Structure formats: structure tokens, C-alpha cells
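One structure, as C-alpha cells, below. Some questions next.
Letters A, B, C, D, E and F mark the chains in the order given here, with residues in each chain numbered from 1 onward.
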């Protein structure tokens, strides 16, 4: 069935719950005939749509792996009508290392699609997802968290699509996820993303940015857990009711957009970044968002970073250390 | 005056404000006659006590460097009666790298005291502080933030001292700092710390843990800034009034202790850590604090981590990735 | 004649014996105009078939390089009718480093075919073999030894071929080699191998696995030396008689196969592997082959590894350290 | 207009002087949304030809970056008729690291053309030059200096071209540059060079080798500065007169060639190289150029390296450390 | 009781069986408050002597860790009279990495004694053994296996001691161990060894070299298992009979010595080593032991390595790759 | 005689010429019983003084190793009255790597004295020189060349000594060496140098700085060769006449001093350094020596570096890449 170099004992067509591995060839100096064992689970029950959940696309984003490991243990075939495929650690070597990129080949999984059959580890995994998993799926949810460097107001993230019907279905899904924000991005450099791969096949695709800075918290994990469950209900795979934000006593998901380059502010200096505005705060054009201190010349005044437009600060640099070219702030506006 | 290999143009006895460098010999393959230039500032005016402020003892803790760079720019001799010595980046190579330990010699600055004249970079810097700066100081404040792996409820931290008078003066200073918590630690492994070096010389010493996880925020920077200014007033070096917590509409500093080993919980598994309780929450013995998921075997139940005593969660593991032996929680009790 | 970036002073058409170099462009930070000098030898005398011998395809397998260096020194044109091309260190940088993969580009030479003219070092070498050496050859013998991680019962290794005539000729050559075992593999992931490159061009191809674990011994070197000489006689390039196993007082080569996935056992745990059966021993289904001890939790019982079918243990993990996904045993059955 | 992943604020069609950046996407573990800011300048005034100057193609060659940074600061639109595009650090990460190859992907920029839109950093930059900058240019000057390992008699370097008219124009430009030598190379391995990319588009292309060994000097910087200015005059972009060698009291540019492989001498030993002839000296066939001492066996006589033809030594190994395959001498002959 | 920085929950004075950890402080960039958990077990029953077993002193020697993990699981207090302390992985970080030296500080555990309280990880562990474990012990057995580079005829190894009574007791213990060889070494460079530390405290000390080359086998593991059990019986800690070599149908332990420098042969060339004699074979002075082939110049004759005295080859280089200064053979003579 | 861990076959008391090795224990992961073989030669004839020549104290300074390897091959016992000890590569691992510091332990040999018996490789070598070689010597000459980062006007270098007689003898030796400059340094940070070790034992000590920037040339090698031979004559070990500068048609050695900190200029910026004055040129206070260009902000004016006193530029930064704290110029004045 497959011409991937990756094999598995999982039978995607079998009813029931299977927790197993993708066997990714990984010949190293220490293990000539070594294999990377990458966990995967399938919960299937009869006919119905298929959803693919992925976490750990970047290895320093933990809400996805945690929520999905809990989901794969909790979910029973009897609850399901259709099929749920769960890959809690898509860039498994990166997740094991606790870093964004694969320590084996240095690649960013989310720019590696459609992958390559005989490429490096990351490219082989992307190729497997592209050729084996995406064709099975009707819906795809890839749970991101900002990663080590970025701290995000928890958001369901979707792309602007040309097809109005798919755009509406995608927005409905984003709202169903139940994060504080539903963010519509016009991705400038989307080639190679899992998002693009899924959308190009016509799948309904929802990504997220939930927290970040390489840190996890009870609150952000809860967003991911509720969101994943809500999608199962929303797409008709599980019975039951959505856990709405209203039911949790929260404001409804705020639909917002990041329409242009003025939403982004980048550092053009090396140093230590002092944020003066936190995520979730409203900013106005010209407002001081933060400043970069030159640790090598502390007597010099810091470089000021100001908002280039009005809006809500949905993302900011997490760590204090900043290098030229780092994104330090993203402003969103209501849709 | 000194037998340190480190030289400086700073004259510690001169009135006025000087921002300069410690010149730390650093012969490398690329630069045989290279020097590490490590910023230092002195603001002096007449007679009066001396306070030494240090930040960046660990290079991934940014509140100290930011607050101290702002202080050294803002502080003018006319405001001062006595002397303020500021080292915003004590482990400068670590701060430049944005990591805890020195990338040059791999050393932890806070276990390097009293240092060594002909040791590695970190040992030479510790030796300079030990032999040149501590003798000048009456008071020492070393601003920490938890670092990449630990997330701390902002605290002024002091050690239990045998001398009741010094203990009282130290607690007074901790309270004056104005953090949410004043934490009295019985350090189990205190040899080599700047704390110990300063205390052994009879200096009044206050450390802090403000935030952490390698992340900075407007709120935690503010704690450091107010705290440093408050100490200047408290020790009589600057005129004016303390910015009390009450004046900020906040609860007074809560004095707490970490009295024994049961306050600490460590992981004995590798995996991804899911915190179930956040810092600042009250816990009771036996309560589930979090759990470790085995990302290599996601089908297995997670390892549960429970509180070994009642108290307040003042510190928890920041990142999701956890390795055997990592501290994942610290519980404190009211003094 | 060639569009490879690799040049050589060797004239493959000249009678006599030439020992020279392939000049592989290798621009580095230390040597902008550097060249990797990769030894090659040709012994030619008049008309007749050509055999290509390669060793060091993996850099931690030494029987091939040793036997071939001795052969290239000993072999004189007068003994030869046809042509013998010898590359004792195919992945020369890996051989110099004593490791499986190239230290320059991290590549596995035996998955790099057909290579690429402008690829990395490994890809350039593969491309040269593909475009310059394989076209010259009628017969190809690539001497492997298991490598650092695997220990093999000395075997001539061939693949199952669809063409019955070529299969027969290949088996005859494997038998002529004179190793204890002649192993017929159905390679699951053969793309990129030298084997595949040679077979796709219609060459008679024999590989080997002689010993391994990164260790050499007088006995295994002898297998490689006799085998290489035997092939020269068998293919009619040298005169004389085969050094048969019978003449050495040994049992004849045992023809065996590795027909399916049940022949392979892999570790799914990290730890230290204790083999309980050695290569050359007969095993029955369910028999305990070895066990993995968790060095981090030595009080726990080890994970048992059992044979999934009857047969002869022809290969096992060499070192004690084992990681998830490592192959720990290969069982073969009589053909 | 472009499908490069690299963006810029520079408007190549706007009159005036712009100094800005190419924004090269560079997602790392420390900065997920990071960008490499690569300086570029454009000085434009009305209609006229375009010249593209590049330096830092190899990151350890400094005459180009220095001369071009000075030129971009000094050059005013009023002096120009046409357009001058300046990239002082083409392999910016390599220049920052002071090494030949990119520390990010290990690539040699001058073998990376035509690059790849979704390749590594070096490939992305090459692709931008290929698709965005070369199409704008009529003339291209890429300033090299030999680099860490090679020391060169300052030379303008051109390739032998089949088209006599372009050959003549190219030689005229090389002469106008005003270096001591004008060197016509028959490049053996020219695929992937910026030279080839420019020439294949029909641009007049001049490269240089000015000094080298990773060392800069007032004299070699002067050659680069005068040369760049002279080309602006020669191509009619700036007014004024050439600063001829004659006007400087120097011998005219000597046109020479490196016609064949005998011009090159390489080491076949590891050790320390003792040059016995310096660049700029005349050599005769058989003359001892230098010798390689085996530092591990200093009692052994050194390996002698002799000239394989008469000519002028235009290039020699700079550092004492030599490894097998290093080029140690290049001899040129008068054209 | 201890001034080590290492703590443990183990109570060495408590009867029964305890399997726990030494907690070694290990502050890293990823885990500021991290701890290395190093397994240790104690089996105690009433009064009687104490034996300390250590394995994994070098991290690439596996017979010790395997035999000792099996022993600690199997041994019950009821079998014991006295105390058995077991450290299966003395250089735990090295054992986890599968290499000789600690990957954390690069140190050789067996040259780190007496260690240092505030030294690196290896020095701290050595210091703990020196100050906490050796004082408890009457007998010490440190199980080595040759390691990655050396292959040893399985031997119990002891040092020549000046005290005749202790020499006799030590030889008795070596014989009781039951390895093929009992080897009396005059160690030339013994400072810093665990051996020396134990002997200097007056403990009866037996070391071993069982196999090696980084490879484990059923046969060598059996030697270690029987040997450890035999020592328990021999020293009167366990009841029962020795498993003698005679009872196994084997020749008795051969007592041998390595009396002088002529027993050792070292390589003075880089290349690939071809052994011509295997361990366990008898050699005569002048006999060719093996030869070093220069892989960079395969046409040159190899360097011959000859025996400098008569005797038994008890040890040889394991891997093919050899570097100048490597020991390639050790010859022993009957005592 | 020695308690060094380093052994040798050399007999320092034997007449004749011996070329051999110091055997430095070097246990590595690849070679547990490995040894660094470090070349040494002794040429002795009867009674007379002893001179110790060392080269390669820094591994990127080649004039010393080349001149000393040639000397050790050429020098015959009959020419000598007394003893000549030659260590051409004092930091042998650094010399093999072509870098300043040891790649094994990262140490600077010239700050490692008096070394340590059980220290790292560099410390062990320093300890051997301190305890075995310096006691044998009456005169010591350590040939340096500036190294990768510094380019020096060829100089014999001595220190200001308190003892007038030894100062005179030392200056006589420096003059006899015959370099263009004889430089009297007041070393600010001399602890740990071979110089200091030798001087503290009362030896007459001459060092050099000949060229540098990691580059060798025929001219600088000649200075080293003539200098070494001249010292042999000057100290009465060899017969014959000095090769004086006058006899070579050169100006006599210019005795100069580097009296204070104003002689040194350092960079306080990162960037690329453009020297405007070359070594050997006279400078006046305030003169522009060079400028640092900020390659990240090429539009900004460069940082100017000016002479702080009148004198001769005897040393300047070699490479273009400059980092904060690098020395960029040294000015000397006539004695």
C-alpha cells in the first residue's frame, strides 16, 4: 500500500483501539540497524469521518503532546463513530530533546512538507504523513504552542481560504475549539507547512498557538484538552455537547486577524528584551511595546520598540535574550 | 591593591558615576590576546554605606540584568549617599548565550565562590568579586529569577542565620524588597554560593527568585525594579520612601520557609511533565501536583507526583520536558 | 569521459598495476582548496572480465579494508587476465574516523546511491562509483562486517533476484566465496544501496557480513582474504584452485535465508542488553534470546526478548548498550 | 515580483541611496520566528547600467567587505548614473563567524548557485541573487581574497570565455580594476559558482583574489578600494578617471593565465608546510617550492614539493599546518 | 555523618534489602536544580563482613553492570551474613552514554580517586566512594571488561602488594573468582585508581578484565556472574560452595604476571590494525603479532609489530582503527 | 628520578643524538590505554652547558616547529659541546590541530606552568618541562610567532629582570638572536608562563614573536633558523661565528620596550577591522591606526582606533574579524 520507508504494525482499517509505533529507519554510528519508534494511536469504530490530531510538530511545544497522550489513553472505540488518528509527537526526536527542530537533521518539521521518501528523518516523517495519513483524514488538527521563543494568547489558528464554504467550515471549527482567540492568518511563507499540505488536499484544518515560551501550565493544557474534545463533537465523531466558553463562564472566542506586516515587530538589535506590554493587552499605534537593552553597553539608552498599528497584543517574545531579526510582538485586530 | 588577573579602569573610591568594564583575560583560538569586557558601574557620593547589586549570576535569568541596567542609567550621584556598585551580568558569557552556565567553562557561577585567581573565566570572576567587591560592600543583593527550568512565585530569599541580630536585619531587608513572598531557606548545598561568600564576610545579603522559566514579563521586571530601589532607601543610601506593597494595593510580603526535604518533589522518570497545580496555589499533603507522561510509551498511565506536605506551591518546573532527578515542585509554609 | 567532479590519475584502460587516488573536492574552513585523497588501485592484464572490490562502505568494518589492502599489494598483473579494481575505503572519511557514517556529511554510503554530481562528499563518491566504476565492472564484491553495533556469523550475502540465471550465478559466487554461511536476503529497504545500484546494471553482486561489532580478528580477516581470492578464481580472472572450506577441514557453506520480519527482533526499551544466545547457535520459537536491563531502575525485572521463529542465530547486537529500536537478533533458516 | 522566501524593504527601482536588509527566514531552536538580517545597499540615479558588487562570498575574506562598506557609505546618488547594488557580506553567517563556510548549513556559497527557494540559508541566498539581483545587473564584481588557507598575489580574476567580444570586454574590465595581476583561469569545477551564474546570464563578470590567509593589510584593502572605484568609472556609472597603476608609480597589470593542472601543486602528506618561495617570485620547473615536515616523526626528511613548470608563483598555502590534498602552490604564466 | 554533596535514602546500617539512589547534584542549562540519580543497592543481614561490588567504572564495559544488576535482584537478605553493597554503574553518565569516560566532565573514573567534594560529577562520585563506601567495606570487587579498545582473556586482576599476608589473601580471592586467568599486575600509573584507594585503606581488592572491545557475550557475562557469587562464598558472606572451574570442566585459573614494559606493544603509526595472533595464544619473542596498514597509502608495506618476549597474549586491540600510541598487545607470563 | 606520569626512552645523560618521544598518558573513549607520542630530541657531546629549545607552545605558530625540526635533523653531536634539547611541538595536540590551545583540554600551555602531575594533558606536559627539562637547562629559548590573531614584527622578546647581571646576559642573548627587534616587555600577567618558570629557576630565557597571523613565510622561518643557530654559538655550545644582521646587510637589532598600558589598543566593538597602519611603521599619538566596521550596520560610521602614544607599531591584529576586547595594536618605543 505504501512506498514510504516507514513501516508500522498499526492497521488503520481495523476497528478498536491500537497504540503502536511508526518504525522510522535511523542508521547511526552507534546503531547501524537502528529504528526510531514513533508513537501513534488509532481509535476506530465503524463508518464515519476521520480526524488526525498531531502534537509536537515543534518539539518545545508541550500542550499538544500532553493533551493528546491523555486523549489517546481515555478515548474508547465505543465513544467514537469514525476514526481518530493521534500522533502526539510528530517531530519525535525534537520532542525527546525538548527543542524546536530535530536534533538529528536540524529540520523544522513545519517547513518539511511534502517530505521525501529518501530524505532525512524529518523529511521521511513528513512524507509518511503526506502520503499515508493525510489521505485518510477528513479533518486535521495540529496543536502548536508558540515554542521556546514566542508566548501566545491561546488561539485556534486558521488560514484565509479562497473557497468561502471551506472558510466558513474552518471558522466554525476554530470557534468550536473554544480558545480565547480565533486567529485568521495570511501566512506569508506557508510552503512546506503541514497546514498547507492538508489544505491543498481539501482537508478542514485547524492549528493552534496555546501559550508557549517552552513553558506549560495547567490553564493552557486545559485549553488544548477541551479543544481537542470539542472538535471530536463538532465533527460528529463523538457524541455529546461542546464544552463552550460560555459554560465555563468565559467570554466567547474572539475572532481576530493578523492582516499585514505592520502587525509584526522585530528586533534589529542584539541584547536583552524588556517587554512593557503583555499578551492580552490592547495597544495603540506608537505605543512603546518594549525595549532592547545592550548588555555589552549598559550605559547606552535602550532601543525602543513601538506598535505600528492599533490592536491586541496576541504574541510576544518569551525569553529575555533577543537577537537581531527576532520577532518580538504580534498585534491582531478584530475580524 | 589587587592580585586578581582582572583589571578595570573603574576607581571605586572616586565620587561620581562611572560605567566601565572589568577586563577578564580570555585567550582563545581566535583571539590569543583577547579580553572579556564585563560591564560594571559605580555611583558614589561621599561617605555612606556600600551596596553591591548583581544580576545575571545565572545567564538565563533576566529580571536582574534589566532592572540593574535601568538603575545604573537612572541613578545619579546626587541621589546617593554612599556607594552603589552594579554588575548587571555577573556570568557575562552565560548571559550573552542566554543560558544558565558559562559557555566557556561550563561552570555554575553560584557554586564557584571563592573562585581562583588562575582558574577558568567563571572562577576568575568569582575570585574578583570575593577579593575586590565583597570587601567594599556592606549590603549585597543578588537578583535571581529561577532560570530556564524553574518558575518561582516572586520572592526575596534569605538564609537562616545563627546570629539573631543579622537574621533580623536580613528579614527586614527581605520585607523592604517588597516581593509577594519572603522566603527563608535552609540551603542544603550552600558551599560555593555568592550568598555564602557574602554572609561569611558578615554582609547583609538578600537574594531573590523572581519568576523564571527563562521568560520575562512586565510584572516580574517591576518587582525587581521596585525591590532594588526599596533596598537603596531601606539601607539609607537613597532618600525617599519605600514603595510598599500596601501602597500598590497588594497584600504584604508573606514570610515563609522551606524547612525540610519534604518540601521538594523530584521526578524519577523521563518524559513530559503536566503540572496540575500552579505556583501561588495552596496544596495539601497527598494532593496530585502533576504527572509525568512517558512520551515513548504514551499508552502507559502517567507517573503521579503528590505533595508530601501542606503548604503553598512557590516553585514548579517550567518546561514540559522533564528528566529523572529534576525538581518539579517546591512547597513553602508560613514562618 | 566523465562529468564527475572527482578526478583521478588512474587510467582504467592501461595494463599493469596502478595505485593512486580519487581526488574528491573538499572545501573546508581550514582548506578552501582542499581535496580528499581516496586510494584506488587497478591491476589489469589484457582482455577479460572486470571485478570491482570495495571495502569500508561503512567505516567501522575493517575486514574489507585489510583484506583489500593486502590484495592490492600482493596482486601482480601477470596473475590476472582481465581487470581488478580495488577501493579499500569506499567511505574514506568514515574509515579514517573509525565510524559507520561519514563525519563530513553524516551520510550512510550504502543508502547514498546513485549519488549526485554536486552533492555532499558521500553523494559525490557514490555518483563516481555509479557512473565511472560500475559501468566498467562485470562482477562486484562489497565486503561488509556488521559494523559497530552488529555481530554476524561470517556470511556471503546476496539478494533474491527475479532472474533465475542471475540468481544461480550469484549463489555460485556466494558459495565460491567460502564463508560459513551464504545468506539470501529479501532486503526490505534496498533503495540507495550499492547492491541495488550494481544489480540494476545487471552486475553479478556479492556482499558479505563478516564478524562485526567494530572488532577485527585473525579468523574473520582470513575469511575475507580467502573469499576475495576465491572470487578472482571463480570468475576466471586469476588461475588456480579455490581454497574450499572442505580443504580447510570445515563444513561447507550453509545456504540460508532471512525470509520475513519474524526473523528480526528489536529492542523496545533503553538499557543494557544481555545476550543469552550467541551467533551460530540454533534457536526455537519462544526461546529467550536475551534481556534488556534498565540501568536506571536496576530493581525492576528485565524485558525479555524471545525468538519469533526457529532457526540459526546469525546476527546479534554487539555492544551492551541498547536503545529503543535497535535490532538485537537476526534468525536465519536453511534455504 | 519574486518567489523568493527572502523579503526586503529595498526598492531597487527607486532613485537615491538606500541601506537596508534582506530578511532571510531563519527558524532556530532559540528563535522560532527568527530572521537573518543581511545588509544590502542600492545607490541609484536615473538611467544607466547596473553593477552588482559582492563581498564576503567566503566569510574569511575581508578586503571585499571592508572596501564595499566604505564604498556604500561614501557613494552618493549624484555621483552615479545608473545603479550600484552592494552586498558587502554575501555569506553573512560565515562573515559573522570569520570562516569560509556558513556555520548554519556548512555550505560553500560559491558552489551553491543557482540556489534553491526552499533550501538551507546559503541556498536561499544564492537563489535570491540568482533570481532577483543578477537579472538587474549588467556588470558583476565579486571580491575574493584567497581565504584562510591561500595567500594570493592580488589579482583580478576572469574566466576564459568562448565569445571573443565578451572575453575582450571582460579583460578590459580586469585591466581597469588595476590589481598587480590579471589572471585568466580555466576553472575545472565551475558549476555552482556565482561566476558561472553571472556569465551564463551574459553579464560581464570580474572576480578577484586579493591577499588572503585570512589576514587583511592596508595594502590589499587599497587594491580592493581602487579596483571597485575603477570599475564604476570603467563601466560609465561614475564620472572621472581611472586610478591607474601607472599613476600610482606601479608596473601595469600583468595579464597571466593558469592554463593546466601542472600549475597546481598539492600536498600528499600531513604535517607542517615550509614555503621556500614566496608569492610574486619567479620559479622554474623542478625548483623546490617548499617541503612538508612530519611533525609526528621529525627525524624523517621532509617531503619535497617541486614546481612542475616555469612561471610566477601567484598563490601559496598560508598557514603552516597542511593536510593531504591541500593545494600548496599555484603557478601562472604570462598570457 | 557525611560531608559529601551526594545524599541518599539508603541506610547502610539497616538490615534487609534496599534498592535506591545516590542523588548527585547536577545543575545544567536545561535543569538548574537537576540531580543525577545513580542506582545503589544494599543487602544486609546481621553482623558479618561487608563487600562492595562496583561495575561500570568505565561506561563501555558491560559484564559488571549486567552481573551486578542480576545479583542485586536475586540476592535476598536471608542468604547473607554481613552486608553486600552494589553499585552497578559507578560512572553512571558514562554507562548511559555507552562510552569509557563521563560525557559530563570527560573524566576517567579510575583516575579520579580520592575525588573532591566540590569537583565535577566524576570527582564527586569518587569522593563519595572514598569517604562513604570504602570505609564500610572489608572487601572490594571492581568488575572491568577491557572497554571499547581492548579485548582481554577473562581475568581476575590484582596488584603486587608488599604485605605478604594481604598478597596471599588477595591471590586466594582472585583464584576463588574463577576466571581463566589470575593476573598480577605491577601497575605503572596507579595513582587515582579505585584499586589504589581501596588498597591504601587496607581492603582486600580484586579487579577484573573480562572480555572487552565494548562487546558482551553470554560466556563473559557468565564469568562475571559466577565470579561475583564465588567471592560472596569465599569471603563467608553467603553460604554454599564455590562454583569451581574444575566443576565446570575447565582448566584451573592460571596465575600469571605482567612483569615489565616488554609485555606491552604499542602502535607508533596511524592506520588499521590487522591482528595475526588472538588472545589466548602463546607467542615467542620476535613473532609477528600484527601489522598496521596505512589506509592513506595502501601501496606501502604495513608496519610490523613483533612480540618483545615469550608468553601468552592476554590482551589485544579490539577495533581495526589504530592511532599512534595505542596499546595493541599485552603478553603475560606464568607466575 | 621523576614522578611525572610521562615516560620516555630518551636518556638525557647519554652522548650522541637521540630522536624519540615523551609518552603522555591519554585515555580516551576510543583508546582506553592510549598515549600521546610527543617528539623530543637530544644532541649531546661531553661537558658543557645545556640549552632547551621549544616550539609550538601555541599550536598555530609554525616558525618554531619548522626551524627546530630542521635543526634537530641537521645538528650532529660532533658540532656540539654540551647538550641541546629540542621539543619542536610543546603543545603537540594544539600543533596537530593547527590552533592556539589544546583541543584536548582547551588549555593555553603558556599559562599552565608549573603544571600538575595528575592534571590534564597540558598540565602534565607543563609539569614534565618544569620538573624534568628546566632543571637540566642553563638556557631556554621558546620560539613564538604571534599566533592566529596577532601579526608581529619579528622580535626576540625578553622580560625586565631585577638582577642587572641576568638582565644584561639576557639582552646579549636577545641581540645575538638577530631578529629585527629586541623587545623588553613588562608582562602584566606572567604567572603560569614558561618564561616565568624558567626565569624563576634562574635560567637565561629568550622568547620570540616572529610573524604570526597563523601564516608562515620564507622570511620569518629564516629569522627563526638563524636565531636558533646564533644562540648555540652565542652560548658556546656550537663553534663558529654568529650570522649577524650586519653580515646579512640588515640594520642591527633595534632594542625596544613596551613600557605601559598605553602601548596597547583594544577593540571595544564587534565587527571587521581595517588596519590603516602596518607593522614596522612609525606612529604618533592620536594617529588613526585603524577602524572597526560594524558589518551588521554597514551604513554607520566605523569606530576609530587611535594611537595613545608615539612609537613603532610592532604588532597588529591579523584577521579582519574583530571581537570586543581583542588587542588590535601594540606600540613599542626605543629602549
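Here, a residue touches a chain if its C-beta (ideal position, glycine included) is under 8 Å from a C-beta of that chain, and two chains touch if they have at least 3 such contacts.
If you're wondering where the values come from, they're calculated on a predicted model, not measured in any experiment.
Separation of subunit C from subunit E in touch steps, taking the shortest path, is 1. Interface residue usage between subunit E and subunit F, two copies of one sequence, is largely distinct: under half of the residue numbers at the contact are used by both copies.
By residue number, more than half of the contact pairs of A-C reappear in one of the listed pairs D-F, C-D or C-E, namely C-D. Rounded to whole angstrom units, the spacing between the C-alpha centres of subunit A and subunit F is 58. With centres defined as mean CA coordinates, subunit D is found 50 Å away from subunit B. Taking the mean of the C-alpha atoms as each chain's centre, subunit B and subunit E sit 43 Å apart. Subunit E has residues 30, 37, 60, 98, 296, 319, 321, 324 in contact with two or more other chains. Here subunit E touches subunit B in the complex through residues 5, 7, 23, 25-37, 118, going by the rule given at the top. Those residues of subunit F that touch subunit B in the shared complex are 58, 60, 99-101, 108, 111, 146-150, 188-189, 191-192, 266, 268, 319, 321, 323-327.
Residues 19, 37, 39, 41, 60, 62-63, 65-66, 68-70, 72-73, 88-89, 92, 95-98, 151, 213-219, 221, 272-278, 293, 295-299, 301-302, 318-321 of subunit B are the ones touching subunit A in the complex.
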